[in-house]
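One structure is given below, represented as structure tokens, and several questions about it will come after.
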Amino acid sequence: MGNTSGNKKKIINDPVHGFISISHNILFDIIEHSYFQRLRRIKQLGLTDIVYPGAIHTRFQHALGTMFLMDEALKNLKLKKQNINNDEVKAAKAAILMHDIGHGPFSHALEHSIVNDISHEEISLLMMKKLNEQFFGKLKIAIDIFQGNYPKKYLSQLISSQLDVDRMDYLRRDSFYTGVSEGVIGSGRILNMLNVKDDSLVVEHKGIYSIDNFLNARRIMYWQVYLHKAVLSAEFMLINILKRAKVLAAQNVELFSTPALAFFLYNNIQKVDFLKSDEPLENFSLLDDFDILSSIKVWTKHKDLILSDLCSRLINRNLLKISLKDDAFTKEELGNLIRTLKLKLPFAAEHPEYYVFTGTSENHFYDYSKDNINILMKDGSVKDISLVSDQWNSSLSNFASKKFFLCYPKF
Amino acid sequence: MGNTSGNKKKIINDPVHGFISISHNILFDIIEHSYFQRLRRIKQLGLTDIVYPGAIHTRFQHALGTMFLMDEALKNLKLKKQNINNDEVKAAKAAILMHDIGHGPFSHALEHSIVNDISHEEISLLMMKKLNEQFFGKLKIAIDIFQGNYPKKYLSQLISSQLDVDRMDYLRRDSFYTGVSEGVIGSGRILNMLNVKDDSLVVEHKGIYSIDNFLNARRIMYWQVYLHKAVLSAEFMLINILKRAKVLAAQNVELFSTPALAFFLYNNIQKVDFLKSDEPLENFSLLDDFDILSSIKVWTKHKDLILSDLCSRLINRNLLKISLKDDAFTKEELGNLIRTLKLKLPFAAEHPEYYVFTGTSENHFYDYSKDNINILMKDGSVKDISLVSDQWNSSLSNFASKKFFLCYPKF
Amino acid sequence: MGNTSGNKKKIINDPVHGFISISHNILFDIIEHSYFQRLRRIKQLGLTDIVYPGAIHTRFQHALGTMFLMDEALKNLKLKKQNINNDEVKAAKAAILMHDIGHGPFSHALEHSIVNDISHEEISLLMMKKLNEQFFGKLKIAIDIFQGNYPKKYLSQLISSQLDVDRMDYLRRDSFYTGVSEGVIGSGRILNMLNVKDDSLVVEHKGIYSIDNFLNARRIMYWQVYLHKAVLSAEFMLINILKRAKVLAAQNVELFSTPALAFFLYNNIQKVDFLKSDEPLENFSLLDDFDILSSIKVWTKHKDLILSDLCSRLINRNLLKISLKDDAFTKEELGNLIRTLKLKLPFAAEHPEYYVFTGTSENHFYDYSKDNINILMKDGSVKDISLVSDQWNSSLSNFASKKFFLCYPKF
Amino acid sequence: MGNTSGNKKKIINDPVHGFISISHNILFDIIEHSYFQRLRRIKQLGLTDIVYPGAIHTRFQHALGTMFLMDEALKNLKLKKQNINNDEVKAAKAAILMHDIGHGPFSHALEHSIVNDISHEEISLLMMKKLNEQFFGKLKIAIDIFQGNYPKKYLSQLISSQLDVDRMDYLRRDSFYTGVSEGVIGSGRILNMLNVKDDSLVVEHKGIYSIDNFLNARRIMYWQVYLHKAVLSAEFMLINILKRAKVLAAQNVELFSTPALAFFLYNNIQKVDFLKSDEPLENFSLLDDFDILSSIKVWTKHKDLILSDLCSRLINRNLLKISLKDDAFTKEELGNLIRTLKLKLPFAAEHPEYYVFTGTSENHFYDYSKDNINILMKDGSVKDISLVSDQWNSSLSNFASKKFFLCYPKF
């Protein structure tokens, strides 16, 4: 890859999928844009490399991977006589390329710390609209597909549903980079089994075991990677660090910070601010992992003891301990820990909530309440996977998918 | 992996080698040390991900991988009746774990920009000595092996020679993460073919094709990855950015910077300074990719036009063009480009050397002048690979391994 | 590998596990024996390559693979302070190497066609005893372990239980060679999680998701590969071909056949015959896939129309159709098909059972009634996986693991 | 895959390439034909599994793999604006599918043992013509392409030239199944670099390192696999077994044999016979590995001592020793060995040539005298790889590619 020639038909080496072609000029232009290049500097799995050192792949790579899988999916659907024209191919690929463009750094943890009541999907849409202006309206269909407003609904489902190419790429990629072989899925086979019925994405019946495997892999990746205890602990510590920094900023305490991060620390930015002026989006589009971590590294020497202690712990991997249970922790348990904390870390006495806290984590590997994975039966009818699979029948809803956690320092 | 329990016998998931065991407490202690944890934040291949987006693996992963291969190598040598005791195993693994500990961020490019006349090997040794103090002298044998002062010379060769486990890991790992399949080597087979003769590492004769392949892979990785045009261009731009920043710093111009980076920008640190006080090493041990890139991102808006322009180009992947040739570029070629530069980018008129420059790049895949790869013949004699291999005989020295480059902006 | 040198410490290239070392002379001697070499000519998955053309790996490769995994398993248990001496290592590796030595060709289908009331385990034991004689009693401990008579029970469990290295190798290998990625298991991680409690093999609690994945993979491989419709059909056709050939042989009809196969066709060999003389075992030890398929190829031109028709269908992949259901097929369904058969293939009128037949197939991915997979809880207690796993709790027994099939020709 | 439904658009699982689609009915019909199904029973690498137990893949799999790569190659050329219509795609895929259809069992060794002066290419062509008749002339273009008679010459080059998809598949596949990682090539990248210039296949200049790697891999596979000493020895033994069997057959000695093999043993079939009647081709189309090996197994007990001894040695892997040298063996060396032979194996006294013999083996990894690999330079000119590559320049012709061997029994 390289922008040194005028030719925009590029091929990119991807360790997961092999060679990824950039098939249309507009896709090349999106990739070259600074909004998209920013994704090079945002890790897909945030702090997960604290546990799995290989998991340092970026949102940039993931976005390219989804574009590749979208291409495969559309080719397969065309072979099955779906009528999809070149404009739709181009738009669907543009849409999936941009589907995560609004993610901030460590977004799983920081989605509600850096900005307040605006989701990454909303920011993605704001950015897509900006890009659409700059590209003279060429992204209109892509945005329609992204928003679910395009007539062919199944195109939107390929971007966001329980069987979208987003999940297929991230499961394969996260499994590849963490080295957790249990997360390997047969994406090639699933894509071959996709079809469309009544404008909706379905999986042909003979693909049912691949779906079983897909859900299993997803469930295991949740427990083993996405909700790994040490990762959860690190993420909560990161949230608390940002929370503390914002408290200090509100008190006008000086904090080392890149200008883009300072903008969000010292101004309490809300959704409404994004709509009022360009400044929030401009600053947001400059933020990446480097702003956060370079600041945290400096804060390890800040005079606020809570801030510097939390930052040192995170940087040097001296994480808070975390306990997981199926039922809630009691007030007594919390109370005892807080008492010990005040003895051992007296500087935390006024704000024990930074060190001792509880909450829940949930495994969303299959969500009943949302759109389903639908199986196309041999008789042409369509049924939810939970009604068809031996494995998941009746039990999908029973899976213990929620756990309670309690964090506290090693004393 | 996790430091939440007292048990130091950990297993780490590695996408390249599978499960890597931490076999001795001292190895765990090295890994947990902030010097070593810093390597998590230094990419092995610097700016290479500009071309190969997957190449974002870190020196941390590489160091663990070399420890794994060292273990394999020592097991194989023991099977061949080499007498290696447990202390030596522990020391050799510690030494390889720390062999790159003194690398700075983007060290391939910045080795002589951030600090002046001190190599990363020298800094590694300084850090090892500090660690040895902190670990009560437990690293003495490791340091001896690292320095080549230990009686069993072949242990040092496993750490640094033309067939060391350093190269075996980085070829496999760089190939894996870039997706360049041509770089795949049969490290398993090479390790099986290693032996010791007269205290020196040799390869048994039947392993000769694996060595041919190893040298081929290495040569190809040089041209295709390590010396890739766009990567070279990016690296030279990075060097020029740091050079410009230091010039400005010398003029007391204000530059956004993390404190650790500022220390090196505003003080002209030399080897002698490392010997005089702890401050240089302390600051160096805080420096990583995050300091560099977060600063460069901010400098894209600096009032010095050369600095901000170069930084914008690098961050937005608008690289200088680069031409490669087998012979040197002429003064006329340079002169013409400089004249055009002054017309098109007038702010560069006084310092065209930041934009138009020439130099050489070399492919060091096999270095005659250094220690050789020695083949153990069936009759017990030992010969240099270049005398034995059909492929490399007489021609190793002839390989065109040097190219001239010329960089300049797209006008 | 090669027997041209005197050195018995060989290394074998295995596409699945990499390099497999033969660590002891006795293992080399077993491998070189004609009993074991015969396994080179017996495919692990019988006729499965009719559906998955890559699935032509042999029992020879599988046996070597299990020896490799046994070595890994024992190494891990030793790290966990299990006291296992070198004789036990040697014996456990010999035992697993020979665990399938008594398998005949297409044994999944033909176990009760070629010989009558003797299992492959019994023939394996007969062969082991012969080998033990020839090797001067050196296999005594190995045979004890194989039979479950050795004091350290967990060694026997590594050879035969629901978590034995047999399954771990065949799942990985079958998945690799069929290309069914859903069957990939994390054998490396499972082996790392094994431990021993009260002389029994257990899995440490944190390995529970790997076990979930192992059971999932196993279940999927059953439906997608081992019980694949077309494979079942081919296997039943093979059974019927042998049955028919034996009927003709009993009538003294001449049949082309290798001498070893002729021995079993023309003599009705029972278990008792194996005990009375050496001849049955001698002949059995000559039988492999080549005897069966070369004969069947010739029988495609036999004058018995049922035999030649069935053989032609099998060789030219014109298989019987097969229907699967959760409940039994009715007599009416069978009767109708038999009536059609008599019209369309009149030569089959007297023996419709060769063409139209029904039965059941079962998925034994986890067998409640047999030894369990036991999980070592954090409190030191041991529980069955079905009581611990979210996924399998209460539901393992409910899995629809039995299906009814009906075979008949495409008319 | 399965022929149980009427749908001919099948997908086949391939461990090397993933999912292979059968895109046209005629391709399905070729695959289902007994000529092609026979390839399921012919191993690609003959006796190589004696050394590499995993190398038991079949010509059937290889043929499907080449069809897959042909599809990829044609897709890439179309992207580069080559005008290739659907009939040509279909024909090129049919042609590559059938390119090896005339191979007999162990054809590398037996090409001139079973039939006399007719090559496998000629038999392939005879079979193609038969198929063309049966398929109503639908294979005409395919046959033209196969024979090099079709106007677009580059299509023929994709089937047979130094960069054909035949080699690309077999290098990858042989490397995969042997486990020899040194043979891995970047076929994806090579296919991406292909182009057409003046109706001839060329490689774009930036693909030159992939070609270097391709030639390296090929060279190493020759020495490490195709010309492996033990494999050569086994192949010569097989040739001698067939030679001996034919001598005995000419003397009307009875030999167990399948009818198809008997036809060739007892009749001295020449090319002219193939042209005179259908019988030779009919019998040839029934021959596969199973005929050869099942007969050899029975011959281990033949009363001719030379035949039975050679067969026993081959089946039980007690191979002749083989020495390799760069220069010829002397008459004295041969004479001495023959004298020892007569003492040790007196039954061989009259025919020592079955046990002691010499000859040459050649590594044809790049053949100067044949069509070249052409590189498309940046200036539009075309040059032979040997003029462009640093590695191969001037030296390709110097590679020691011929070795002398001497076979003899271990005495």
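Letters A, B, C and D mark the chains as written, and numbering starts fresh at 1 in each.
In the analysis below, a contact is a pair of C-beta atoms (placed from the backbone, for glycine too) under 8 Å apart; a residue touches a chain by one contact, two chains touch by 3 or more.
All values derive from a computational prediction rather than experimental measurement.
Trainee: Return the chains common to the contact lists of chain A and chain D.
Mentor: Both chain A and chain D are touched by B, C, going by the contact rule given at the top.
Trainee: Quick one: how far do you have to rotate chain C to sit on chain D, C-alpha fit, nearest 5 degrees?
Mentor: With C-alpha atoms aligned, the rotation comes to 180 degrees.
Trainee: By the contact definition above, name the pair with the higher C-beta contact count: A-C or B-C.
Mentor: Ranking A-C and B-C by C-beta contacts puts A-C first.
Trainee: If you average the CA atoms of chain C and of chain D, how many Å lie between those two points?
Mentor: The computed centroid separation for chain C versus chain D comes out at 32 Å.
Trainee: Go ahead and note the Å separation of the Cα centroids belonging to chain A and chain C.
Mentor: 44
Trainee: Express in whole angstrom the distance between the two chain centres, defined as the mean CA positions of chain B and chain C.
Mentor: One centre to the other, that is 50 Å.
Trainee: Which residues belonging to chain B are in contact with no fewer than two other chains?
Mentor: 18, 180, 188-189
Trainee: What part of chain C is in contact with chain B in the complex they form?
Mentor: Per the stated touch rule, the residues are 9, 11, 18-19, 21, 79, 188-189, 192.
Trainee: Going by the contact rule set out above, which residues of chain A touch chain B in the complex?
Mentor: 1-4, 12-16, 18, 32, 34, 37, 40-41, 49, 51-54, 56-58, 60-61, 64, 176-180, 229-230, 233, 256, 258-260, 286, 288-291, 293-295, 297-298, 301, 315-319, 321-322, 410
Trainee: Within the complex, which stretch of chain A touches chain C?
Mentor: Chain A residues touching chain C: 180-182, 184-186, 188-189, 209-210, 212-213, 216-217, 219-220, 223-224, 390-391, 395, 399-400.
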